[in-house]
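Common to both upcoming complexes is subunit A, partnered first by subunit B, then by subunit C.
The block that comes next holds the complex of A and B.
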């Protein structure tokens, strides 16, 4: 495994060395390490890049690491990873992607992850994206996440993009059966000329299902972000989406929510707030002895914590 | 020692410049507990903000321990030892009570000490340490956290802008204890803007600010009876006429 891969792994999944449990480490489009366990089987796909991750029913408390790293310029990586989570399993999946460029050519990683949760399964899905390197080549990460949750299942997704990713289009689709829950917390910071586009679409198909989409973002420099969310309430269900953004310098953020209630008992809410840091917040921290710059940094650190 | 010399603050109004503070001269000696009172709109909060560096004066000078701080910003004054508890505390998404008290103290502090500050302002510490200072806190809760923050700073001058606002009567006695303890433990000066008789009752000195000018300033025993002696509001000429 390359040094840069090791550095990226530390950044995206807090991994230093091979993890305990099941894992698959992807490096420049190839496999740099794989391990299954008694409960979690990882097998390569036939005919297209990617892996199938089979989590047996009733698996409790195991972690699955599936980080992907791009270590140099001029890489165009595409991967399909499918997760089949058995009934009443309860696992944590740590994904994440790091892209390093040292030259003029761009590099990109397109990760297409599909989750099929059986009845009563619970998944915590953690995903962190980062770009590093001195190269002028663009670092591009386009994750796609498809989630189907059967009765009584739940998935919590924590997705973070902190810095260095020049362009990203993040597509997430969800389909929820009765009594299932989906919680997505997204945190994005963009700077320079970066662009980030988030596109959520969730279908609430079963009575008692619920979704909560929470996005917090900061757009600095001349960066540009778009937040799109569509929630379809097709039954007695609850849906909530929230876009909370701080803009700085010449940053631009658009929030485009769409709620469709196809059933009289669907309760759907959207909240959006976009603006610069409130002057009184900076003033308050300055009265505690922070400089204006320190106050701004503290406010953003808290906001994206 | 804090000295305000010929402080005026003008703001642009519909009818031209309007004086919020008019040639205010005030000295707060070391270790004194001074309460500034007076009618709403009299310039009290503006005066506090002038000292903290939030509102620059149009004219005049401010000295802190003999140093002219008129040209200094908020941060520099805070570092010199001036604390300011806002009348309407500010909310922050994602920043916790612990974060803020530690920022105020300027260092990491032990949980026991942190709990002590919160207990002093009547909050059950364990429930609050990791709470965000966001919209989920009530007006009274955030107000007490604001007071805990300035207590943690332990500076030579602490200014409170209407600390009683939003605090229920039940907790109010506690607040009086807090101020009394502060004056014992911190050998600094305390300036409180307040309308509360109980707070006026523990002052060394009382300043009455009305219409942007100091209309009275002296020891508590001298000033307080003149404020409480009449059923009619002495600041309201219309009532006097009625």
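The block that comes next holds the complex of A and C.
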């Protein structure tokens, strides 16, 4: 495994060395390490890049690491990872992607992840995206996440992009059966000339299903962010979407949420707020001895925590 | 003037007989009465249907009535009304449209209203839309409202559609200069197979400008409503959009607001909530002696007041 891969793994997955339990480490489009366990079987796909992750019914408390790293310029990586999570399993999946460029050519990672949760299954899905390196080549990460949750299942997704990703289009689709829940927390910071687009679409198909989409973002420099979300309430269900964005410098943010109640017992709510850091917040911290820059950094840190 | 016109005028403009002051009454695409005053001059347009309404600078406290009525089936009315409101004028404009059909053919009124407010001008713009009659022909009302407000001006728009309008597409565009304000309050109730679409788009172009869009709607029967709003903050400005909808029976509502902050000093907020009347609210009123239907009616009345 390359040094840069090890550095990226630390950044995106808090991994230092091979993890315990099931894992698959992807490096520049190839497998740099893989391990299954008794409960979690990871097998390469036939005919296309990627893996199938089969989590047996009832599996409890295990982690699955599937980070992907791109270590140099001029890489165009595409991967399909499918998770089949058995009934009443309860696991944590740590994805995450780091892209390093050192030259003029761009590199990109396109990870297409599908989650099929059986009845009562619970998944915590964590992903961090980061770009590093001195190259002028763009660092591009386009994750696509498809989530199907059967009766009583739940998935909690924590997705974070903190810096260095020049361009990202983040597509997430959800389809929820009765009594199932989806919670998505997204945190994005963009700077320079970066662009980030988020695109959620969730179908609430079963009675008692519910979704929460919570997005917090900061757009600095001349960066540009678009937040789109669509929630369809097709039954007795609850949907909530929330987008809070801080703009700085010449950052631009659009929030375009969409709620559609197709059923009288659907209850849907959305809130969005876009603005700069309030002047009085900065003043307050400056009276405590911080410089203006330190005060701003502190407020943003709290906002994205 | 026809009896039905008189009935419609009462419903949409609270007019019983010709009003004091400036007015123009439109009946089935023709003028059924017009009056100018010293301060407010109403003249027919050359080459296309409609009128120009010239309100002199400094005009204070006058009303302008410009209702439009369609009294029978198979009418396709299109009218262009332009309001030029002089500096520091302060007037109330009462529009409103009623469509009556008695036969199988549909009738429609398309009113395209443009407002040009000079510096410091204030307008209160009131419009009610209604459909009546025993005909199976559809009653269609498509208002378009273009609003340009110069420095320090303000426009307050109250727009209401309570019943009988089978199809409506309501387009409103605003362009705000420094220190100007736009307040729009919309109330819509749809029933049966009606459709209603609202489409706001406001550009906040001058420092200190502000917009509030407040929409309340009720969708009964199999009716279908779409609420769209776009607010562009291009300067130091404030924008707020709010969409509250009650669904009943098989009513469907979509809310699609869009906020774009193109300037670091733009502060934009949106909220939307769609749902049915809370069960406990109905129960509470029923314990006070109301039937379930009466309780629902009471709650909706309060919601749309």
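As a working rule, the second predicted complex is superposed on the first by the 305 of 305 C-alpha atoms of A that agree within 3 Å, B and C clash if a C-alpha of one lies under 4 Å from a C-alpha of the other, contacts with A are read in each partner's own complex, and residues count from 1 in each chain.
Going forward, a contact is a pair of C-beta atoms (placed from the backbone, for glycine too) under 8 Å apart; a residue touches a chain by one contact, two chains touch by 3 or more.
Worth saying up front: this structure is predicted, and the values here are computed from it rather than measured.
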item	value
Which of subunit B and subunit C A:4 touches, first, second, both or neither	neither
Touched partner set for A:176, first subunit B, second subunit C, both or neither	neither
Touching partner for A:269 - first (subunit B), second (subunit C), both, neither	second
Which of subunit B and subunit C A:302 touches, first, second, both or neither	first
First, second, both or neither for A:251, with subunit B first and subunit C second	second
First (subunit B), second (subunit C), both or neither touched by A:91	neither
Touched partner set for A:286, first subunit B, second subunit C, both or neither	first
Partner, of subunit C and subunit B, that touches more residues belonging to subunit A	C
Touched partner set for A:259, first subunit B, second subunit C, both or neither	second
Partner subunit A, residues of subunit B touching it in the complex	52, 54, 73-75, 78-79, 83-84, 86, 89-90, 92-96, 99-100, 103-104, 106, 132, 149, 153
Complex interface listing, subunit C residues touching subunit A	233, 245, 247-262, 264-276
Of all residues in subunit A, those that touch subunit B in their complex	216, 244, 278, 280-281, 283-292, 298-299, 301-305
